[in-house]
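Quick heads-up: structures coming right below.
Here chain A shows up in two complexes: once beside chain B, once beside chain C.
The block that comes next holds the complex of A and B.
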């Protein structure tokens, strides 16, 4: 997938929200969907199971209009978090320009976070991408839950964020931290894009 | 929006003095015909000198003249805030249209554009749009455009394309006039000397001045007695304690508010009210603007770099076609390499241009020195210029000043020559040496030339007038007159022999006239010789002739016996190391018109002696020059005639050259043998 098409003067960023099941990836997209003016967003495609879990993936195209003469589009994807959908996750991850790792802040979900993070690393490697080369941010979701149920951002940083990438606390249901996360990953993606673009 | 114009700020209330006359005139002109004259008008001044007053006065007057005009007064902060709000609401374009379609846009405090690239870009678009639509834009700032930090060059150029005008601090008279008017408006009365004394205080701006007036009005009101000049000054300078009563300064000020810039942000508020307050839009808007900023900084960074280079070099007058072509490419090659190569070419061009400037100033302005794609052409041009400035012909080393023999007749000429050689360009400029053929003019000229050429850094042009002309003709043929001129303009001294030969050579005279003036202006020495006295010189333009006459004209007379003797003696010594007073005296006694003739005599004697393999003596000389005693020239044996040789017969006319008249048989033998 071509991130910058100078001929068509088009920038397309594919950002994948990755993380364990029920960590809040789809909630991120839903919140964003609700905040983007109608004329700027495409239809949000969401294939869910009967129990409302993401079966395939969510897809939210956002048209940011013309920026510096480039038609700029963001495509936000989520992967199905459930372990058994790994093939789908790999598929979605293909050609990703940036990844938001949405971690569930609940202490009891710590293992799933770790597992998903390892899965992300493996899937990227399988695709020939070193996770260190991928624009990546962490989002510690559900920080609105009672403190005794969750790990604090700094604890999560210590436990998960051993590469010291940017991390954001969030409460996706109410929107706190959602756009901050998107901004964070967009910035990294665009920076990498600039670095990869002709100097 | 016109209702933001403070009612006080009109031209009527503006005191015009020397410091703001230009700005006020320009402002009036803009108000009277918005968009027609100075567009954009950029007014800058230190704070408190009346920028806002002027801006609003323009608005008022424009509305008085045409109430249907839409006048917008905004401070930059208003503009930025309203624009951001509009962007966040997805109404950016609508707001752009709203502002851009004002008939008269008054934008205050634009110094806050510093480091706001996106707003600068917005303002560029706005200025372009308004100019195209012939809508007037007036801007005010506390500093000139070039001093606003990180202001886009394109904006600076656009401002410069209109009118940039400043307001200086008011002079004493203006300060006094402002005080009087304001006091009158406030229905306060001050003695003239109070006004003068206060106007004489060093206030930096009008606001401070008005503040001082406010304090005085308050003081006078409290004390209920007219203030004296000393008292007023002392009070203002803090030398006098304020009266025991609390000065109701704030009240006084409030009663008649000092004309401060209105602080309403209605512009922004309007936009805000027109838009949804939903946080939703804000969040997305802020995300959008951040992405936009990142894209423009990151994605387009190479383009920005190229664009910066284009602006920079374009601003300096260089052609940037190569860089512009780069922008056309989708994925250009290594930008750094291209930029470095371009920079190298510019450096080379600058080098060449300065070289060219030194060689021939008229080619230094050539367009090739401004086009990095034509470095080769520029090098070629410089090379050609260099050829043109090979040093002009110099003096012949054979003729030295010290070889000349001074006598009563040539003393003036020789001493003048020495003076000129010692102090070129100072004593006699030009020096004109007049004298018949062979009298030593050329020797003297070259002698001076040799002395001058020995000076450090000297470039002495010493040549015959005929050569001067033929060089010019060659230059004209080869279209290299500029180089030819440069060649001589570089000369530290110009010595031209036989200037009389320029008669009728109008173009050469014209060039010489120009060169003469330039060299004379630069105090460079000029020496001319003429075989004809200047008064008898015809065919020379009066303007040149008068210039020659304006110098020192000296004459070289026919050589006197002293000179002839000295010359003969020297020649004999030089040629044969011979010391023969009798021979020298004999040679000197021969009647000759010039030293050159004497040279000829000596040469004849020496040749004869050489042929006979003897040492030249006076007797030999006599024999050679006067013929052997008692021997008559033999009649030509082969020519039988009545003695009349018809001119068409082709017979020899110079008996000197006829073999049978040669005095010595040896000569004949050699001639026959040869």
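The block that comes next holds the complex of A and C.
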């Protein structure tokens, strides 16, 4: 849940990058970390295995500056994508204000995308949140791969984007679509916050 | 010291004076910072809070898996510093305290004064008001320019 400090006029929001293993969640954060000025971001914390697979989460705090007179900070988290890490995925999802679902565009990974999306829905529900109420955007990653290996954004929209929310094509290793996605989810999160918050 | 709401300041200040802790963070169970003392960069505070909340959540989940009651507190004793972590209920939800202390105090003192601080915090919570408009209607244009400035696009 967003934390709003009316005294210091600060807003802190939590955004979680969700999706199947190796879809590019950590790469999103690494790209953002590399491009955001040092004075506007903290250290990137990665709790990973020896082979650099996310074990618990990656974490990157960024400072968006002043919006409507509020210093606005975002905490970006990734979850471990591998199926057997569901317990830790649930923990990271707690208190999320927005979710980026990072899908792997490769046709052979379609089932994993579906499974991960269903898992997101279940884990949100376990927290008492209906996925339809959660600010959510989709990112279709690896769109740089040869066309015969991947599904197009419109095919992925048809298959995964049941709410018809905003979706973004990306190649997060090279940065295409990364900031557009973050901007998209940021807008949704702050729009929801703008509707009112506990005083 | 920095606190999200003024009523948190006095109990935290008393705890810091009595326990002689070096760093203290109070956060929500999701890792959002409520109050802090001793950290310098805001973004580093957020990292510490995220890690602290993760340790507490994973330990509580471990207790659930083992079928035992949640652990009351967690401690890590290093050569020159110790870390004390404990979750507690407040009328504002579940909070977590993360305390880093040095050789000039002890785990026992930290725990003793931490418990007192929790009592003061839970008794001193003011009633919550209704809802308040957070952002101006035109916040989106400011968000766009902020993101443009930050991400260069």
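Please note the rule applied: the second predicted complex is superposed on the first by the 192 of 199 C-alpha atoms of A that agree within 3 Å, B and C clash if a C-alpha of one lies under 4 Å from a C-alpha of the other, contacts with A are read in each partner's own complex, and residues count from 1 in each chain.
What we mean here is this: contacts are C-beta pairs under 8 Å (C-beta built on N, C-alpha and C of every residue); 3 or more make two chains touch, one makes a residue touch a chain.
As the structure is a prediction and not an experimental result, all values here were calculated from the model.
Chemist: Assess the superposed three-chain arrangement around chain A: do chain B and chain C clash, or do they fit?
Modeler: clash
Chemist: So, does A:164 touch the first partner chain B, the second partner chain C, both, or neither?
Modeler: So A:164 meets neither chain B nor chain C here.
Chemist: Tell me which touches more residues of chain A here: chain C or chain B.
Modeler: Counted on chain A, the partner with more touching residues turns out to be C.
Chemist: Applying the document's definition of touch, where does A:72 land relative to chain B and chain C: first, second, both, or neither?
Modeler: Touch partners of A:72: chain B and chain C.
Chemist: Figure out whether A:190 sits in contact with chain B (first) or chain C (second), or with both, or with neither.
Modeler: A:190 contacts both chain B and chain C.
Chemist: One more residue to check, A:179. First (chain B), second (chain C), both or neither?
Modeler: In the superposition, A:179 touches chain B and chain C alike.
Chemist: Go through the superposed model and pick first if A:34 touches only chain B, second if only chain C, both, or neither.
Modeler: First partner only, chain B.
Chemist: What is the contact status of A:91 with respect to chain B (first) and chain C (second): first, second, both, or neither?
Modeler: In the superposition, A:91 contacts chain C only.
Chemist: Which of these chain B stretches, 290-298, 434-442, 578-586 or 596-604, gets into chain C when the structures are overlaid?
Modeler: With chain A aligned, chain B clashes with chain C through residues 290-298.
Chemist: From the superposed pair, tell me which chain A residues show up as contacts to chain B and also as contacts to chain C.
Modeler: 4, 6-7, 11, 35-37, 40, 64-65, 67-70, 72, 179, 182-183, 186-187, 190-191, 193-194, 197-199
Chemist: With touch defined as at the start, can you tell me which chain C residues reach chain A in the complex?
Modeler: 2, 4-6, 28-34, 41-44, 46-47, 50-51, 54, 57-58, 61, 65, 128-140, 142-144, 146-147, 149-153
Chemist: Please give the residue numbers of chain A that touch chain B in the complex, ascending.
Modeler: 4, 6-7, 11, 34-37, 39-40, 64-65, 67-70, 72, 175, 179, 182-183, 186-187, 190-191, 193-194, 197-199
Chemist: Using the touch definition from the top, list the residues of chain B that touch chain A in their complex.
Modeler: Chain B residues touching chain A: 90, 280-281, 283-284, 286-288, 290-292, 294-303, 329-336.
Chemist: Looking at the complex, which residues from chain A come into contact with chain C?
Modeler: 1, 3-8, 11-12, 14, 35-37, 40-43, 45, 47, 56-57, 59, 61-70, 72-73, 75, 77, 87-88, 90-92, 94-96, 179, 182-183, 186-187, 190-191, 193-194, 196-199
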